[in-house]
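Alright, structures below, take your time with them.
The same subunit A turns up in both complexes below, where it pairs with subunit B and then with subunit C.
Our next item is the complex of A and B:
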């Protein structure tokens, strides 16, 4: 039986508290520090203001916050939508702004909004990332039952514990999106007041068409359905698993197969729709049919990295002697295989959009290419090249040191992937990695450790009556 | 040691010994063909000849003999191509991906599934070749240094990527299949009485001696090929999907295409495997090896992949609305309610609704029902490609050029001909090759055979 020692508990609580403090300090400093940090931007805006040829601004005004690439597409965008670029921020409608003074005010408001969004975005990126760590393993746990997997039976308790890590991130995501409805922040373009009211200065014709789906009420219903459905599945799988220890293992296994099948169907739909809601809707104009599966792949692979780290931690503490290098080899394979799978989906989405080069879609990557070059290419390297180089070979997957290193960088890489998905649409080029981001990560790391380790401590790490447990013990390859 | 949980169903039924397996699997090769085989072969051969005639007519006259027009300049040719390539995917999935996932039930079906892969990729390859018009210049699709000045392949074209993807895939699949066959050919060689037959199988089996070193190399190369085949199988239909998705045609250009095409390919391939094996097990009396457990597993795969395809259909439909792009919206509205509504709803009901019946244990273990669904899925997946290709093209940006497609007898003849050709190859294979990978199957007899499992349950597992 694993014991969540008070020393580890204190450490985890300390991480949470320090993270929270850092975030709060970052929040308090946000406006002032970014004024200094983004000095270049404010001077840029001043320069803009001083520019005599204000008349040009109605057309060219977006150049300084949109990427240079928009020049190529500005015409097409205007024709189609009467609107420039996809990274427009709440409160701005270029086409409607003929007055250059107004244009400048809107521009300044835009900058201010982007700066003000940063603390929320930092928290949100971390919340989505940590949601993935739990959700990926919840899905994998379900798959173990649906597919009648044998080798992994000795790992099920770790997956069960990890699945509970979805609860806190989900709550944070719900709170942040509800704060958006109250206009506390302006992360989601479609939540802006008057966005679908014709004649309103904030009116946006494209978003107005989407409000049938992106309305506060419908969004909230969906978000609550995901939360309830996923947590229900995690609880049920856990409950039946604990019951099997004191009762009929085969009956509980069969029961869990039913729960898992139901959850798989639910997740098949909600994995995509939640990705549209929570992430894709930030860049409200943009759309991609693959986005849901792409997000799933990233969450899935990072959850394997976390599973590997937790399992090796437990083994390091002298537990789980039934998990040997054969099981670790399989976990390494999963992390490797789904890193490649993630890359496959990343490439499919990127390449098709790049190749077709139509303004409705390509602006998404132009902004990332232009403003986020470093995180963009770093995350690709960490998520694809590193796993291929580090854990492709069989011996490497059987050496804990190599696998831990690869798992750590895969986690970093996928945090950055979520960062590159969320930040451009919320803070534009006012991004960075400071107290806010670090604080948010530490905060969730601490909570993740508390949630996972305390549920691990509540039950034996080995199923007693699971029908596959002997297969798992004698598993070799 | 190897241990198998008692909750797993046996994969080999009856009280079988190693020699029973050898006898049962060698029997179709060693005995005379039953009458039913000759009937099936004759029908397939006539279809094949009809197809050859239509192909020769096309080559002699030009592709004007097809039903294509200026608006719909791609129809049955590419539909058939994608359909056949897709069917091929299940073979590799079964032999490579299921090998990596250590799915033992694969062993009863992998040989025939891989044969199906190779034969259907051959059918697929025919269509681009015929479509070239001057088929004798087909080698121009390869980047071969030449003296024609600027004549060079276009590396920006997904059609060229297709050439590389499919030829690599065909090569690796054939090698993979052949490597698995070596010990089984040796088994037939060792039993052959007729000296000519013995000699042929001797050549085919590469002097296999069954030594420990041979087995070790055999297993190693199988694993390496499985590792190579897995990304390949994904790449092939990915690139096929890019033939459409790299364009800017509404209904074609959508990012979900690569994985969704792969899922659809596995879906249709499993349906074809199901169709073929239900016949094979009956004619060759292999019900003990390809039993209800296998059929149920395949039905579950069909259900899962059908549902993935369904999620993709709905995603496309939803995002078309969500995008706010009127052309995209119209393309999908036109699919569902335009003049080709019947094709769209045939696709929806065959591919998304019909596999949902497999949720019922009773239905997915019913042989007749399974057979019907497997045919329905095959039809549905043909319609899927037809819907994607023809309905996206037939109403373009210029309403005066809107058009409908009607196939000529040549279009139909070539398609029927490829079905004939496919069955000619498959029937020849079934008479001369061991249709089940017997060497592999023997490795699981003592853990998954019904008699041994019963023995374990009664006398303890170890």
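Our next item is the complex of A and C:
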């Protein structure tokens, strides 16, 4: 039986506390001039917009900020900019505001909002990313029962433990989205007051059409349904699996199969709708029909990377001797296959939009391409090229070294993918990687380790009475 | 097919893949040399049990795929950009790379096409399969529901026969070389 050593626990708690402190310090410094130095924004000239006196733009309007090459904003004062820019990305959530009569004030407020959003966005990106690590394995755990898979029986306890990692990120996501209703931040533009009231300065005709779905009440109901449904599935699958150790393995397996079947259907719908709610609604004007699957694929593949790392950690501690290179080979295959699947969906979404070149769609990618070039291309490389080249061959998947390396970079890549999904719509070009982002990652990493390892330590790592446990032990390929 | 040595061959027929697999392991552990197993379907772990070298077909497939990718890149470049520049939907066509996203489906398909086809041809070539090639399996039942094992006879024939019977062989016959 695995023991969660106090040393590891202390380390995990330290990570959580340090992460929280970093985030709070980052929050306090956010928008102040010291922030810029602290966060080391070498190339993204961001915070200076906030400090600079906005009177400077009186005649310049807002066009200067839209200039794609924001790198050269770094030292220059606002006056030096010409009107090179296209208008602010027309599809961006705040376009209507900018076009209002109070053009300049609205723009200044927009800038200030973007800066104020950053701490919340940083926390949100990490929460979504860590939600994926748990949710992917919760779904995979369900699949094992529905598909009557035998090979994975020895791994189920790790998946069960990992599935519980959804709880804390879900709570954080709920809190952040409910804070949006209270206008604490402006990450979700559709939550702004008067967005669907004709004649209101915040009125936005496009969003007003969408308020049937994106209304605070309906959103809250959906968010709570996801939370309750997913956590219920994780709890039930765990409960029956623990009961099987002391009782009838076949009966409990059958029960779990029912739970898993119900959950799979529920998740088929909620994986898409939750992606629309939690991520796609940030860029409220924009939509993509396969966004849900794309988000799911990213979550699924990063959860495999985490599963591989946890399993190898346990093996390194001398546990799970029944898991050998054949099982690791399969996990490597899943990580590889879903990296390719993610790329397929990413590309399907990108190419249709790029090819059709419709203004309201293509702005989504224009902003990412102009302002987020580095993270955008880095994450494509890490999420597609690296897994393909590193774990394509059979021997590479059977050697822990290459798989661990690939898993680590896949995790980094999918964090960046979520970053590129969320940040452009909330902070615009005021992004960076500093105390806030690092703090949020450390915070969730610590909590992830605590949740997963403590639930692993609560039960034996091997199902005693699982009907297919022997098949798993002799699994070979 | 392992017939290069001048040892006579003993053939044993089985009707279960697990039994064959265990028999191969047992025989090889006891110093017999199993030269071939005929089976209607691939048996998991048999290649390792027989001590076969891993196929290099997968490495070849990677390079076949690269050939396909290069061919597709050249094809799209030549037909869409160089020879007769195509303006489809106002997409940029000044040089290949800026129009590359619209060529990705072609590149993907031809990569798969080349890898799959060349792998098949390689497989046929390596195994000597061509139209009109003579069947090499000694017993037609191995294409249905039986498994045939060929063991080289190096010592006592009675001992080997007894061993094979103990391991579950249904029929045992000796092939004089």
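Here is the rule we use: the second predicted complex is superposed on the first by the 408 of 477 C-alpha atoms of A that agree within 3 Å, B and C clash if a C-alpha of one lies under 4 Å from a C-alpha of the other, contacts with A are read in each partner's own complex, and residues count from 1 in each chain.
In this section, a residue touches a chain if its C-beta (ideal position, glycine included) is under 8 Å from a C-beta of that chain, and two chains touch if they have at least 3 such contacts.
Predicted model only: the values in this text are computed from it and were never measured.
Bringing the complexes onto one copy of subunit A puts subunit B in a clash with subunit C. After overlaying the two complexes on the shared chain, residue contacts for A:355 are found with subunit B and with subunit C alike. Of the two partner chains, subunit B is the only one touched by A:289; subunit C is not. Contacts of A:374 after superposition: neither subunit B nor subunit C is touched. Here subunit B and subunit C are compared by how many residues of subunit A each touches, and B touches more. Within the superposed three-chain model, A:393 lies in touch with subunit C and out of touch with subunit B [touch as defined at top].
Of the two partner chains, neither subunit B nor subunit C is touched by A:221.
Superposing on chain A, the segment of subunit B with clashing C-alpha atoms against subunit C, chosen from 115-123, 205-213 or 367-375, turns out to be 205-213.
Overlap of the subunit B and subunit C interfaces on subunit A comprises residues 351, 355, 477. Against subunit C, in their complex, subunit A makes its touches with residues 347, 350-351, 354-355, 357, 392-394, 476-477.
Put simply, subunit B touches subunit A in their complex at residues 1-8, 102, 231, 234, 238, 242, 245-248, 253-259, 307-308, 311-312, 315-316, 319, 322-325, 461. The touching residues of subunit A, when paired with subunit B in their complex, are 80, 148, 150-151, 206, 209-210, 213, 250, 253, 265, 268-269, 272, 276, 285, 287-293, 340, 344-345, 348-349, 351-353, 355-356, 358, 360, 467-468, 470-471, 474, 477.
Across the complex, subunit C meets subunit A through its residues 44-45, 54, 58-59, 62, 89-91, 101-102, 104.
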